[in-house]
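Below are two complexes that have subunit A in common, paired first with subunit B and then with subunit C.
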Partner chain A sequence: MTPDISPLALFVASIFTSNILLANFLGMCSFISISKDLSSSNGLGLAVTVVLTITSAINWLVLHYVLIPLDLVYLRFIVFIIVIAAVVQILEMIIDRISPSLYMALGIFLPLITVNCAILGVALFIEIRGYSLLQSVVYGLGSGLGWWLAIMLLAAIRKKIERAPVPAGLKGPGITLITIGFMAMAFIGFSGMVAVQ
Partner chain B sequence: MAATPRRILAENTWTNNPIFIQILGICSTLAVTNNLTNTLIMTLGVTFVTGFSSLTVSLLKTLIPHRVRMITQTLIISFYVIIVDILLKAYLPEIHKSLGPYVGLIITNCIIMGRAEAFAQSNPPLLSLWDGLTSGLGYMWVLMLIALIRELLGFGTLFNIRVLPEGFEPWTIMVMAPSAFFILAMVLWAAKTLMNKEAA
Partner chain C sequence: MSALVIAPLAVGGITAALALLIWLTDRVVNNYGTVTISINGGKKTLTVKGGSPLLLTLAQEQIFIPSACGGRGSCGACKVRVETDIGPHLPTEVPYLTEEERARNVRLSCQVKVKHDLSIEVPEELFLVRRVVAEVSSIRDLTHDIKEVRFRLPEGERIPFKPGQYVQLEVPPYAKIKEPTQRAYSISSLPDEEEIELLIRKVPGGIATTYVHEHMKEGERLALIGPFGDFYLRETDAVMLCVAGGSGMAPFKSILLDMYRRGVNNRQVWFFFGARTRRDLFYVDLWRDLEEKWPVFRFVPALSEDPDYEGEKGLITEVLARYIETTMDREAPKEGYLCGSPGMLDACMNVMRRYGIPEDKIYFDKFA
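Moving on, here comes the complex of A and B:
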């Protein structure tokens, strides 16, 4: 029951039309709290992309070679979240060894990723839509890039809003949400190109 | 400043409402707010999980080593979310289907982990249960309000029952993603303005 979507179309769709954040609302918490600052946004975007790509593949393998044969699919939430936590932990150790400067830069963001709902969300979308392994990896990578793009754009816009006269009650999260709403509208504008459902 | 049940209720539903003050946990539930029925089921699920995982974390707080408390809390939360998932699949299969992956995403709802960390970790079990339930309640009424506006204008219905006359032209944007952001921002704006007035 693998859907018949070419990986390239899926890749484009997951970045623009079905952006994991703007269309599916996933990863909002860290999106709103981190996007005040451009370089932090960049770090978090990179980390999310890497973790998403790796966990998409591992979670697909675990689902198809362990959970389904053993008839334990109802345990998938726990298993997926453990896989995500483990990948983040291992990645943290590897990066610390290879590049201490990158480790310092990503420092606080890596653990945050475990509870970023975009990661678990992508794993669950992959399961529900029945993607193949290749489709899963492409979808994971595309979703990560889409999230990264969205947070960079928002961080850039928020820099400008800081100096704008905004009503007191709308300051901070309020105006940020309205900005995200406009971004979502713009991204949905691409939906004539490719659609995934 | 002792934490009395009454004060916890007031704080969690208004002055320290998880959505207004911390903008927490809006991810998975914004997606389902274009329909009141789905929102009600989803927020009931969140309230159940927040309440009972706070209770469990509080009961186990002396047994959980500090270093592994995050992963333990995540596992406790996953346990209750699996219960919600199985119950929904068994009794409300239609709603379970239309909620899709968002039931599972209750696990990563930051409110739940937030209450476990900020309250249950250092308070007695029953008070923690109450704190979790009222946090869920504070979350529920805001999202129900958003769903009310979106479903009414987007479909002309409430709980899938037509309330607006046939001639009403549905506002398609209300069903789509951007309106969730706009309406939440408006609700936030109104609440903040009211709170600023109360404080002044």
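Moving on, here comes the complex of A and C:
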């Protein structure tokens, strides 16, 4: 059954109170490895947002018009992954054609997104929570923006940390994971605003 | 209908629909129409179909840019200056380009896609490069790990090389290697022969050398692309100090036999060849014979791991230094010609520098 939550509330919730990275810890590997650099983080964040929005809609359509009617919901993992891979391929070609400069910014990150678990995670949340098509698109877009926000914040913090007197044993991934923990706790502060259902 | 039938049909149907969508997008989006490539200020103009990498597009038009990795962007050899603004360098190009090259808009031609009209600059000598499918006429063991392979060129076809240059051998897919592989080998034959001869040492795990040593048969036809390279004889009076190791002998066989044949007698020619043991020595009779016929030439083989050897013993760098010190005219101008492994080359260069041979008079062909 479709949950009773307005698209606007869902949009805000997916960015802040249920941030896909800081509340669900999905898409962590590229989050940690790419966040060393602000411009790369920006490129990856944009790419994740675009792919998440489009695949949320397509996966919803495939789920409701193919998998559920044929009683094949158990195949959703493989089908969602195939859809994500195909969308990434098509997007890569289109962006390369219409905006070479954007392609330059995203180029190497787009293929990485095929294996970003945040994308599959969002598709599965949409299925589990029974969102409508509109809710799915809003949730996909919001989750993408939330992921983008989180990686930009982490990249900015890591830039500052570079000059901080971090103990030798904690340098690199150690202090990054601790930082992510603090960021996650800070985002909990938003949780009273609206709850995602 | 049973789920055993529906499930594969559904997944297959979705996959096929998506594949069709990708194919359609590729047809529509990657259709760049006809594109003009102007080379060296309009000296040559190509009208080609857009959408492919520049390296491949040029190769289809019989202009072969050297590329040791076959266009995978991992060797950095296929550099071309692009005069048209085609946007910033890709992250895959940056590691292979110096700051100065980036400023001049030098690009890796395998990474640049031909999307619109381009104006490029390539070295003129690359227009001479040919791709010739030749027949393997003989394969002979020279040592336990070096083979002499001769390729017969088709009637009327030639690869117009200078002695010392190299060709790229295209090895077909075999066993677990699914794609053709190109590797560079120095030519050891003479320019006017109907055959091209290569000396190929087996590299453990090497794709092309394993093919040559374990799969190649006489009578087989393989593509040779060339000539490439700037390792060739400089016509001066300076004493020539040639140093090689292993299959690094190949370019010297071509250079020195060509010099002898042309009757070059105005300069001393020393050929130092370093090996480990007696089983790594080859062509000794050829060089001894040349010594007798050609008064300016001396061949000095040296073994580093055979204390019983009656000839020179020790590392080739030690032998080279000893000869410069004791046997040669210290004041005579000298040129260095080196071919072999990077380690051997660097060590020889140090010796040559120590004895006053200027950096720009040391020519080399380094095995990558």
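Operating definition for what follows: the second predicted complex is superposed on the first by the 196 of 197 C-alpha atoms of A that agree within 3 Å, B and C clash if a C-alpha of one lies under 4 Å from a C-alpha of the other, contacts with A are read in each partner's own complex, and residues count from 1 in each chain.
In this text, a residue touches a chain if its C-beta (ideal position, glycine included) is under 8 Å from a C-beta of that chain, and two chains touch if they have at least 3 such contacts.
In this text the structure is predicted, and so the values were computed from the model without any measurement.
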item	value
Which superposed partner A:Phe77 touches (first subunit B, second subunit C, both, neither)	first
First (subunit B), second (subunit C), both or neither touched by A:Met93	second
Touched partner set for A:Phe25, first subunit B, second subunit C, both or neither	first
Residue contacts on subunit A - larger count, subunit B or subunit C	B
Partner chain(s) touched by A:Ala184 [first = subunit B, second = subunit C, both, neither]	first
Which of subunit B and subunit C A:Val66 touches, first, second, both or neither	second
Subunit B and subunit C footprints on subunit A, overlapping residues	75, 78
In the complex with subunit B, residue positions of subunit A that touch it	22-29, 32-33, 74-78, 80-81, 85, 114-117, 120-121, 124-125, 127-128, 167-171, 173-175, 177-178, 180-182, 184-185, 188
Parts of subunit C lying in touch with subunit A, wherever the complex brings them together	3, 6-7, 10-11, 13-15, 18-19, 21-22, 25-26, 29-30, 87-88, 90-92, 113, 115
Residues on subunit B engaged by subunit A in the complex (per definition of touch)	23-28, 30-31, 70-71, 74-75, 78-79, 81-82, 85-86, 100-101, 104-105, 107-110, 113, 176-182, 184-185, 188-193, 196
Subunit A to subunit C touching residues, read off their complex	62, 66-67, 70-72, 75, 78-79, 82-83, 86, 89-90, 93-94, 96-97, 100-101, 104, 107-108
